[in-house]
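What follows is a pair of complexes built around subunit A, which joins subunit B in one and subunit C in the other.
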Partner chain A sequence: MKLPTVGEAAPSGREVRTHRVHDHSVEIVSDSGEGAQKCGQIFGSVSAKMGNGVWTVEIIPAEVEPPPRNPAGASGIRIRLGDAEVTNWGDETNLVVAFNEQALLGRHRLNALAPDATILVESMWATHPDPSIRAQWEAAMEELADRSYRIIEVPMEEECLTVVDNPRKGKNMFVLGLLSWIFDRDLERAREQIAHAFRKKSEEIYERNVQLLERGYGWAEEHLDFRVEVATQASDLPMVVMNGNEAVALGAVAAGLELAAMYPITPATSVSHMLGEVFEKYGGLVHQAEDEIAAAGVAIGSSYAGRCSFTITSGPGLALKTEFLGLAVMAEIPLVVVDVQRGGPSTGLPTKVEQSDLLAAMFGQPGDAPKVIIAPATIEECFHVMTTARRIAEALRTVVFVLSDANLATGVAPFPRPDLSAEWQAGPPDQRPIPEGLKPYSWDSRTGISRRFIPGQPGGEHTLTGLAHDEGSKVAYDSVINERSSAMRSRKIAAFQSTLLPPEVNGDPEGGDLLVVGWGSTKGAIEEAVERARSEGLSVSSLHLTFISPLPPGLKEIFQRFGKVMTVEINYSDKKDDPFITEENRRRGQLAWLLRAATLVDVDCWTRVLGEPLRPGKIVNAIRESIRSGGDA
Partner chain B sequence: MIMDSACSLLHSAHEDEREFEMGDYQGPVARWCAGCGDHSVLTSAQRLLAEEQLKPETTVFVSGIGCSSRFPHYMKTYGFHGIHGRALPVATGVKLTRPDLDVFVVMGDGDCVSIGAGHWIHAIRYNVDMVALLLDNNIYGLTKKQTSPTTPQGYRSNTQPRGSYLPAMNPLEATLGVTNASFVAQTAEWVPAHLFATLKAAHAHKGFAFVRILQRCPHFTPDMYAEAVKKPDIIEILDHPEGIRADGIDKVYKNKISHDPLNLNAARELAQDQSAIRLGLFFRDESYPRYEETRATNKRTAREKMDILNEEFDSYAV
Partner chain C sequence: MPSETVSGGRAAQALEAMSASVESFHSVVATAEEELRTYSAHRRGVSEFRGEQALMELGPFSVGRIDPEKFADLLGEADALSPEAIHAVERAEAILVAFAGSDKDLHCVTVVRGGDLRDAVKGALTEVGQIFGASRAVEMARAGIYRPDEHNHLLGSLPFRQWNRAERHLAPPLVVEVEADDLVPAGLGEFLDGEVKVVLVVSGITAPAPLARLITPGTFVMQTADPAALARMAASPHPGVALLFDEERDGQARFTHDPDQGDTPWKRITVEHLPEQPMVGRGRRDPTWLEELAHLKTLAAPPSVSAGAVAGEGAEPAAEPVEPADRLAAWLLSQTDLGEG
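Presenting the complex of A and B:
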């Protein structure tokens, strides 16, 4: 929604129009390696620090350095600013800064840009000595002319060359300067943020980047005729700003986890980068194993030895860890598995978001392997979930999945600074003697819970095994024992479920035409969509699941208050009018499948696998369509 | 002050007056076939633990899957009977977390040389302080006679009934080829004195001690080492003051060769040469860095961690 535009005299006497808006999305796109993401992160941090709601999402090609000037290789970042909290990346981009016209074209073709977007594009390509590049520019401008974009050419390279020899390494800070003027950012904060971002680099590099920032700011001040004002409000609460992977890493420290075993995989790896940097300060260890399987094995060995350890991965790595996860469930070894989901199956979309590992996490292990699955919905939850996960893993002696995704992993948003407590930390391994008569699996018949024995405890000597075993961990040659131990492993999850509260309904808890159910990173987009749809008068509410295994109690009863229930997810489902699709053979969203099985409610789904976070506007359309078609959508 | 006195209390904990005998390490009766080489290794390990007076509660045997991997069940220590081929990563996790524990790994040839070969290579390189025993009977026993990587070429099995297609893999040669290999020995289950002396040297070694134990499977490969058992002269004992010297075997095993275990090139040549079955210490060098030491960090109290974490949050503060 646009507020009235007000005039303002520019320093040079030009008329500068300031657009006052509640909400604005900016994209910076470039070839890989030109620093667009770093620019966007700094811009996002500065904006958050000034009191804007912020959400950023990285646009990452699959290759480190794809061919330059290629629409498919666009690398960059979207920053959505708001005058209130921003919980998702929004719909379309209002302002784009493009380092070349091909990257811009890539975003245009993905319909990422608003029809009236303003575009600042590097001008050097228009007059490039290479005629084929000039031809590409011409063709691109023709294609872009389809829409009513406002395109402004900026001599980025020319300007940067006044400060640096290699503008490839400096354009991003020049662009930060442009944006800082357009959005009237506090330059002192930008300098501080640059100092933080380049804290490992020399003073000289810092100085040069600041010069570029100021150059960009000055250029914009001299040449641009528009500014954008998104009101800021200082928060009463102390806030911090970071991405989801950083939050997971710091959450692991806060939870007292001391060993992370991993193998590099996108988009999970940056958790380990972060941990590699900070973990050892806390007496922790990041072990880069020889493969994904070994990473699971080392974490399990560490947990067995008295800690609760964790492993971090993404889809293909999760597939490899499967056998070890089955062992951890069977032998009741506490383990936290962070899965930062990406597009699949197989190598899929390594850098793009999906929520398609849910059923693999739930049912991926051959044999019956009940476990706990938690899906943080926000960056703040990425931090706190680690303490929750560790505690549950230890209390229940089982595997706890944390299902994050590429959207949370690289999304940056401010959240209230956690009030840390030493109580969140695990104590040292229990080394007290084991009381006589107690067995390594002395299951409480009612809860399935048993006390964990740890090497070093006299009297607790036993051999843990992945074979079916009895209470004494003796290999079971008796089928009744397998039935009982299976029951105990399942009972723990049920006992835990009895401690959960029914989820809250966002909107109208009394009921209505439609209930939208989501999980994980889509919460912000879904709730924004529901709010917009409700303001149109539609009878829709939403419900967001944090625990997916076990599901919280009361779902069936809540579902029955609504005419229709529909999940919204980032995974694949067949559309009802697709060829061959019937009610019986339709592939459904992964949560939809679980909910149908658990509640016997005819849960519908709306899902997309476009390799991008869901856009609230598209969800609003889906809500309208679902309500319009009634029970038959 | 409170912390200080707590620490001194821990340190002054009463001397452990327990004395352990072999029986203290014996679990239930092993369910291996009569005549299986695993029995001999089990006895030798129990004897070692008694001789070294290792506490049962701080000793951990980690295994994979296969006949020999049932080993921990028959010990009265802590044990971890995991999954096929993955004993080494588990043992690495145990030792990284608890350097105070004595860690032994028991693997078969399928575990170590086939499905878990990647872990084997990297475990050698990590050089974490543990004893890794390869109980090599040259065949898959538990699953009933399939070819393993160490099955001799031409040897018939249920999966390769016209005889194993490939030359056997040589685990010693492979181990000695890996950067950071710090202890490599070979022994045979039918020479108990040598087996015991080898386990003892492996346990004394600070680092990853790799021991290949030649082993008979009376059920599926009864003929594999029949000749070597009958004719001790086929066996060549590596002899050196710095090597492994087993008591009382000299009368039977007269065929000796002098080999300095610090000489890596000579060790590689001896391992490669198939003209004799060689038992003894091929290589030992304790100067190699151990991963758990390289990666050791200062442990922090919960409160210290909170303080540092708060500083970390300062850099993310809005």
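Presenting the complex of A and C:
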């Protein structure tokens, strides 16, 4: 059966129309293992290097290898291109390349596609020898006909077979060629990027992938009747392109961290993959422990011995590390914990984004275990946060959490090449003989800070303990001592808070009807939404928090300038009109809980746990609704 | 002894092919020297620039978020370095400044006729080790653990055996000019660690495959007459040794062993030219050079299911590579004598 094209007429003739746009989103979707993500990563990198703003988000199925041709198993990537900086994945996809119609259907059912999206779909399924597959194809086309999509058949398999024996390993580069023609990408850059992506493979594999790229480009040139132009603007600054996990890894190297102890866990593992490639070269060590608990123990032990260490994990791993993190707090051992958050609780949604661990990081330990929590908002910040986290951890002898998430972890964006400084790599810890009378916890009563002792330091001999202890690290049987040591550990955080600067308000700092407060990776989507809402005349501003423990000063005063305050988060909250929900029993977004407690302001929240990054358009709707209803979102 | 200049044309060509590694090393030295100068400047004016220092240590993420002056106040005054530590830092700075500003060629070595190749390489690396020793002395001084009686040796030469893992990865490439008669490469094995790269620019007729015995799974080994081919070794993230012949001769093997090319020797070794292996009289012990050639041939040949080939009885290797398990099975069968006939 020939595909019934829906919407505009099927491409014919050679009149090519070029659509000039400021912003365009592309999705490549396939079955797992067909390389759609690699295709998108290369396309995104080439686009970024040519001067487009770029943000990519990987579409990862919940299973490692779900059954093929399954709407729930779509694997792929969304690439949003812009003629200026792009800070989030946007709303809907304008152009989709689908390796089969079932993966496409999965995205359609999630309302991921714009109503007038253009779809390039592998044509082989329409004429497949298996009648059940042909029937699925026909049913899918019928379902897709609900929208005004423009669907174009592409004989991907047939074309790839002219180059490779196994098209499953080649369609992605053919599709890269299609996209390169549609968006007028520089083929030489694409070849360079392929060479980089396959740098560990043989020359023959590189050559074959380039042939596929050129084949796809040629096919598009011969058959397609549209192109898309998103103006490029070369940056004056040298730029780098990477994802958030790579940025964390390279940031750790730049910060002079010396040991990464981890146990593999999605979506954090690729931090250690990147470190595995480069860390040793710079004197670092990646230790894959036997489990999450051991990884925390190794990092704590290494830090105690005078090194600067960090551990990498995600939600379930964080749960397992709970006791050891309490030890680090109690024994005042500097430690950086990188938590790449995913959907929870339990094993939850391993491959999906959620700002799930804020309260667990904050309150995960029994008793009072104060720590510093920082949430980078961009991929560039994922790089630079590591230096700051290291310095704070060592200066305060405390645990510093870096809360990234799956959105940042796999998203790729360009940013200015960091101007590295040796000063980021703080000097070695002071190992001079300990002056007589100085104890391992000789707290400064004003700040709670004490000098770090390193094992082997003359005069510094002491017994390390996780039990309540006095200044000399002696187990405390006197309850007054426990009160004092608890106060000192807490005071460090308060003292550090006194060095923080009030956050800036995006929009109108003087106040307005609504202040949207966010944290972590949602910054780009929130600020885009606020800009759109302000252009509609709505009196809304936003504020983004990167230091969450301690919170920066001045929040209450800022909040009081606005009629309403509402957090926007990717975690769960009850909706006000849900059954049984009252003002008293309503469970709110995690940041909202903290802000209400810290400021006594009636902070509302709008949150979603759809397993995907927030869309600016949905936030705009929430802003409109919040202002219209007087705060109820 | 290290030479002052690159004397031979081929040595210059070899150095050119290794230029990426050379530049990388010089960049490391220049950066270390600059870092130390910055540190010394801050140390001298530490109380005046504490806020600025705090800002640099906290990094760009802190800008607009943390008040660096307040952060510095929180931590209080850092204790001053001891006079011994200051002296060590100043001496280390002088060493690094001298290296960074020197025209001296650290990368070229000439083995005098009749000299010892191993000693020449060892000496050159020891001299370079001064840079690492000085850097270590500074770190110890900053940490307050520099004791002149124990650590002053760091401000002299640092032998390769005392280099740590990171230093071995930063090692500069060496181009060694050597006469064929003095080419005894076996002694170089101890230096092939980290990313140490040694190019032996040889004059005269050598044994066919003198570097064959240096082949290990993680070592880049090359025999070639083409200086441009050395760039491949320069780019390798592994330790490497290359022999650059003065001309192509039938009696000298040309091959490359690249650790990144596979998990078996025959995948990693690319043979460009292999001399015929002459027969030696029955009962006579093979000369070393013949053993080296046979060793190279054995490593480069894919295994055969033919037990004879495995046992080295002269059968041709199989056309298609086979799994190691099959190779072992074939050998076991040959030993048990269960075959027909």
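Here is the rule we use: the second predicted complex is superposed on the first by the 613 of 633 C-alpha atoms of A that agree within 3 Å, B and C clash if a C-alpha of one lies under 4 Å from a C-alpha of the other, contacts with A are read in each partner's own complex, and residues count from 1 in each chain.
In this text, a contact is a pair of C-beta atoms (placed from the backbone, for glycine too) under 8 Å apart; a residue touches a chain by one contact, two chains touch by 3 or more.
This is a predicted model, so every value here is computed, not measured.
When the two complexes are overlaid on their common chain A, residue A:305 makes contact with subunit B while staying clear of subunit C. Contacts of A:161 after superposition on the shared chain: neither subunit B nor subunit C is touched. Legend: residue contacts after superposition of the two complexes on their common chain; A:466 is shown touching subunit B, with no touch to subunit C. In the superposition on chain A, A:200 makes contact with subunit C only, not with subunit B. Which of subunit B and subunit C touches more residues of subunit A: that partner is B.
By the document's definition of touching, of the two partners only subunit B reaches A:327; subunit C does not. By the touch criterion stated above, A:421 is placed in contact with subunit B and with subunit C alike.
By the touch criterion defined above, A:283 lies against subunit B and subunit C together after alignment on the C-alpha atoms of chain A. Within the superposed three-chain model, A:359 lies out of touch with both subunit B and subunit C [touch as defined at top]. When both complexes are overlaid on chain A, the residue A:429 reaches subunit B and subunit C alike. Touching of subunit A by both subunit B and subunit C, each in its own complex, is seen for residues 280-283, 418, 421-422, 429. Touching subunit B in their complex are the following residues of subunit A: 48-49, 196, 235, 238-242, 246, 250, 253-254, 256, 258-259, 261, 278, 280-285, 287, 289-291, 293-307, 309, 323-324, 327, 414, 417-418, 420-422, 425, 429, 455-467, 474-475. Put simply, subunit A touches subunit C in their complex at residues 200, 255, 280-283, 376, 381, 384-385, 387-388, 391-392, 395, 418, 421-424, 426-433, 444, 447, 449, 495-496, 498-501, 503-504, 546-547, 552.
Within the complex formed with subunit A, the subunit C residues making contact are 31, 34-35, 38-39, 53, 56-62, 64-67, 70-71, 74-76, 79, 82, 139-140, 142-145, 164-166, 169, 237, 260. On the side of subunit B, the complex with subunit A involves touching residues 27-28, 55-58, 60-62, 72-73, 75-83, 86, 88-98, 100-101, 118-119, 121-122, 295, 297-300, 302-303, 305-306, 308-310, 312-313, 315-318.
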